[in-house]
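Have a look at these structures, which come just after this line.
The two complexes that follow have subunit A in common; it is paired with subunit B in the first and with subunit C in the second.
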Partner chain A sequence: MFSYSFHWNQAFKALPQMLDGALVTLQVAILSMVIGLAVALALTLFRLSGNRILSGFATGWVEIARNTPALFQIYMAHFGLGNFGIHLSPYTALLVGIAFNNAGYLAENFRGALKAIPETQTRAGRSLGMTSLQAFRYIVLPQMLRVAFLPATNQMVWAILMTSLGVTVGMNTDLAGITQELNARSFRTFEFFALAAVIYYVIAKIVTLAARLAAARMFRY
Partner chain B sequence: MKKTSVLAFGLVAATALTSPAKADKLDDIISSGTLRCAVVLDFPPMGARDENNNPIGFDVDYCNDLAKALGVTAEIVETPFPERIPALMSGRVDVGVASTSDTLERAKTVGMTIPYFAFQMAVTANDKSGVKSFEDMKGKTVGATAGTFEAIALEKSVKEWGVGEFRPYQTQADVFLALSQGQIDATVSTSTVAQSNVKSGKFAGISVVGNAPYDIDYVALFTNREEYGLINYLNLFINQQVRTGRYNELYEKWVGGEVPALSVNGVYR
Partner chain C sequence: MFDTALSWADLGFLAQGALMTLAVTAVSVVAGTVLGIVFGVIRNQAGPYWSMPLTFLLDIFRSVPLLIQLVLGNALQSIMKLGWAPFTTSCVVLSLYTAAYCTEIVRGGISSVPPTTRRAARSLGMTWWQDMRYIVAPLATRVSLPAWIGLTLGVMKDSALVLWLGLIELLRASQILVTRLQEPLFILLICGAIYFIISFPIARLGGYLERRWSND
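Moving on, here comes the complex of A and B:
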């Protein structure tokens, strides 16, 4: 039933353009990850703080970020806030949407990692005269980051793939946006989409491998 | 004797086996009794949904007319703009009645008929943007529906101007939502869509401010490139729609005003 002749040469002509898009994709993903990590760390501290308002805020964030679709979060960042006169450009909206999602998932990662560190270590630290902040900073935090590192690379891959949702808010410079445009112009849907899929795969694979290598170096005993 | 009968049987079997393969798409449609049309239902007045969620619009009526001419029942398959071609290629639809601009680039991929409708391009602006004409759009943030004729033309204009920003949205509704929120200052769309959205009252604070100096956007029906039999039939059907006055009738029903000519001066199609 599938009647289509592939014209790969047409698609390969657009490869440089798509690779430029891939760079934007990677840039958004990295930025969203940096912001996400910082926010997730803050959310984790909020939840540990024992302050009901702060921990309630953190729990709310995590609940919404993890239990609603990323598409919805990005759409809301653009059209939802737009309704209240806050206008984020497609790039910013996409970045905010993914960073929001990342922060929620990473905060849960951190929570899981914290559970893996026996409480006795904190007590040992405190009995050596450390303040609770010092005990957290010097004993718990480094171990937490180590445990959470590989799960966090998962989120990084997920962030790369989520950038493709930017097309719904008018993003046209990332890989998905450029692919859509090339497709609209020529109707060579399958070549462009296949090429984009391969590029996404390669980026994701490189990121995973790089993370493995980095982990092997950083976490040597 | 025995040999001949085996040979005869073989011939009959071979004919029986090969003849269905010779049936083209037109045959398939007639024998299946259903014509499946790709229609964009986010593009009033060409395609939309009524209060009961039934598909309505010029393209929907056009598909029904085509099905009637073929003596089959019409099935409207909703396809957003970017999904028209995948729907055709994967065999989910037979014909696209989807306001598809007949560019040469696209005709390399799908088979286009003669034009069945023609659009004039209009500029719609947010009232607060200060955009009063097409020229005022220079340097502003503008947008259009991704993958449409006007989006391609507008993006080119923005590149030529060298200032301002172009944003493609996935649906016409998103463009007008962004426009009424002030996320974009102006858009270029077909005048029919512009009028229909401004009149709908769903989007506050926007008005049509003038025409865009783009070529008339002739749109064609499309099907698989190699289906000459069907394309031939579709061409005749479009011709008959105009000849019988049905085209004018449908235009009056859905759009109103001066009916655009479908022929180009000084050249054969």
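Moving on, here comes the complex of A and C:
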């Protein structure tokens, strides 16, 4: 059955290179998550604003982000924007695509989290003389972030996994891209990609664990 | 802006791609759901300790990018000289991927059935199988169905990645057209619209069921 001889040495020799790639992967994931969180917060405010155009825009964003493949969104950023004369590098296109996707999913998480906070609390805040922005900032937001924290962690893991899609638009500095380049040079597909899979797995586990520890620390009360 | 080189034949090509997407999704979701139910029941019966190996194995499918899984699956099948077509490889990998998520959903559904209800069924003289079939299955389905619909849509979207193995599904078909016609925005918009049209109504149905069937 196995007339194939595995050459794990080659893969292990490339490990430092791949770990460098893992750092880029992590960087893209974190950046996309930061942008995604900021945009998702804005989208949530748009939806709450009661302004037809703003909330329509937010709903449109969320539905498109959630109902089309992430790969399509990255393609759109890389190939589609070229029509407007915007030519993004693979790195930027990947970042834009994932951030767009993150924002949509996180905005939906936030909306779910908002439902868990009774309307009366906002009203109580308002009747204490807070402006509506103050009530949102000091009463609703902290509780919302608490409820939304675990889903956001999942989204972070998703973002890490999604960065691997960059290789389809020619990204060659992240983990998947470097693995693909090594593979193209040596055709040791299985060895290289198995090692990459292990690295992705370890990163995902570390992030999950770190988030759990952070949650235990932050949400003690 | 509105004169385009896109012909009806090209639209047919896109439709073929969409059918391929749906075919891969259908096969993977059906196989993955069957596997997921089996694994979910096993995990529930065996308890957290004995099902640790299975939990770990399924966790791998959820913590490694699907693209890497597909490449690995394809490499493995050629190493083992199975001679599978890209379609088969894609379906096998996607089925396992689906099964990993479906297991969690099934397990959650089963554990949402109160143990007292199940004990009542057993003390009425029902066998384990009858209890599963007539008590657990209906109640668990109610809890799990919205999540399962979400999973199905997720797999539909993730199936775009099989283009890496050379399967011409919707996204790959539009990429081919883009290469030929050089109208990326227009063609990608059509592609996105097709995905959206498939996904959006089902997502809405899932949301409706979730609201309708929630217990509060």
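Keep in mind that, in the parts below, the second predicted complex is superposed on the first by the 218 of 221 C-alpha atoms of A that agree within 3 Å, B and C clash if a C-alpha of one lies under 4 Å from a C-alpha of the other, contacts with A are read in each partner's own complex, and residues count from 1 in each chain.
Everything that follows uses one rule, which is that a residue touches a chain if its C-beta (ideal position, glycine included) is under 8 Å from a C-beta of that chain, and two chains touch if they have at least 3 such contacts.
Quick caveat, the model's predicted, so the values are computed rather than measured.
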| item | value |
| --- | --- |
| Subunit B versus subunit C as contact partner of A:N172, first or second or both or neither | first |
| Contacts of A:Y4 with subunit B and subunit C, given as first, second, both or neither | both |
| Partner chain(s) touched by A:A184 [first = subunit B, second = subunit C, both, neither] | first |
| First, second, both or neither for A:S164, with subunit B first and subunit C second | second |
| First, second, both or neither for A:T153, with subunit B first and subunit C second | neither |
| Which of subunit B and subunit C A:F72 touches, first, second, both or neither | second |
| Partner chain(s) touched by A:H87 [first = subunit B, second = subunit C, both, neither] | first |
| Touched partner set for A:N101, first subunit B, second subunit C, both or neither | neither |
| Touched subunit A residues, subunit B compared with subunit C | C |
| Common interface positions of subunit A, toward subunit B and toward subunit C | 1-4, 79, 82-83, 167-168, 189-190 |
| Contact set on subunit A toward subunit C in their complex | 1-4, 63-64, 66-72, 75-76, 79-84, 157, 161-165, 167-168, 176, 179, 189-190, 193-194, 196-197, 200-201, 204-205 |
| Parts of subunit A lying in touch with subunit B, wherever the complex brings them together | 1-4, 7, 78-79, 82-83, 85, 87, 89-90, 167-170, 172, 177, 180-181, 183-190 |
| For the subunit C and subunit A complex, residues of the former touching the latter | 60, 63-69, 71-72, 74-76, 79-81, 153, 157-158, 160-161, 163-164, 171, 175, 178, 183-186, 188-189, 191-192, 195-196, 199-200, 203 |
| Subunit A-touching residues of subunit B, taken from the complex the two chains share | 81-82, 85-86, 89-91, 103, 105-106, 108-110, 143, 146-148, 151-152, 155, 165-170, 174, 177-178, 181-183, 224, 226 |
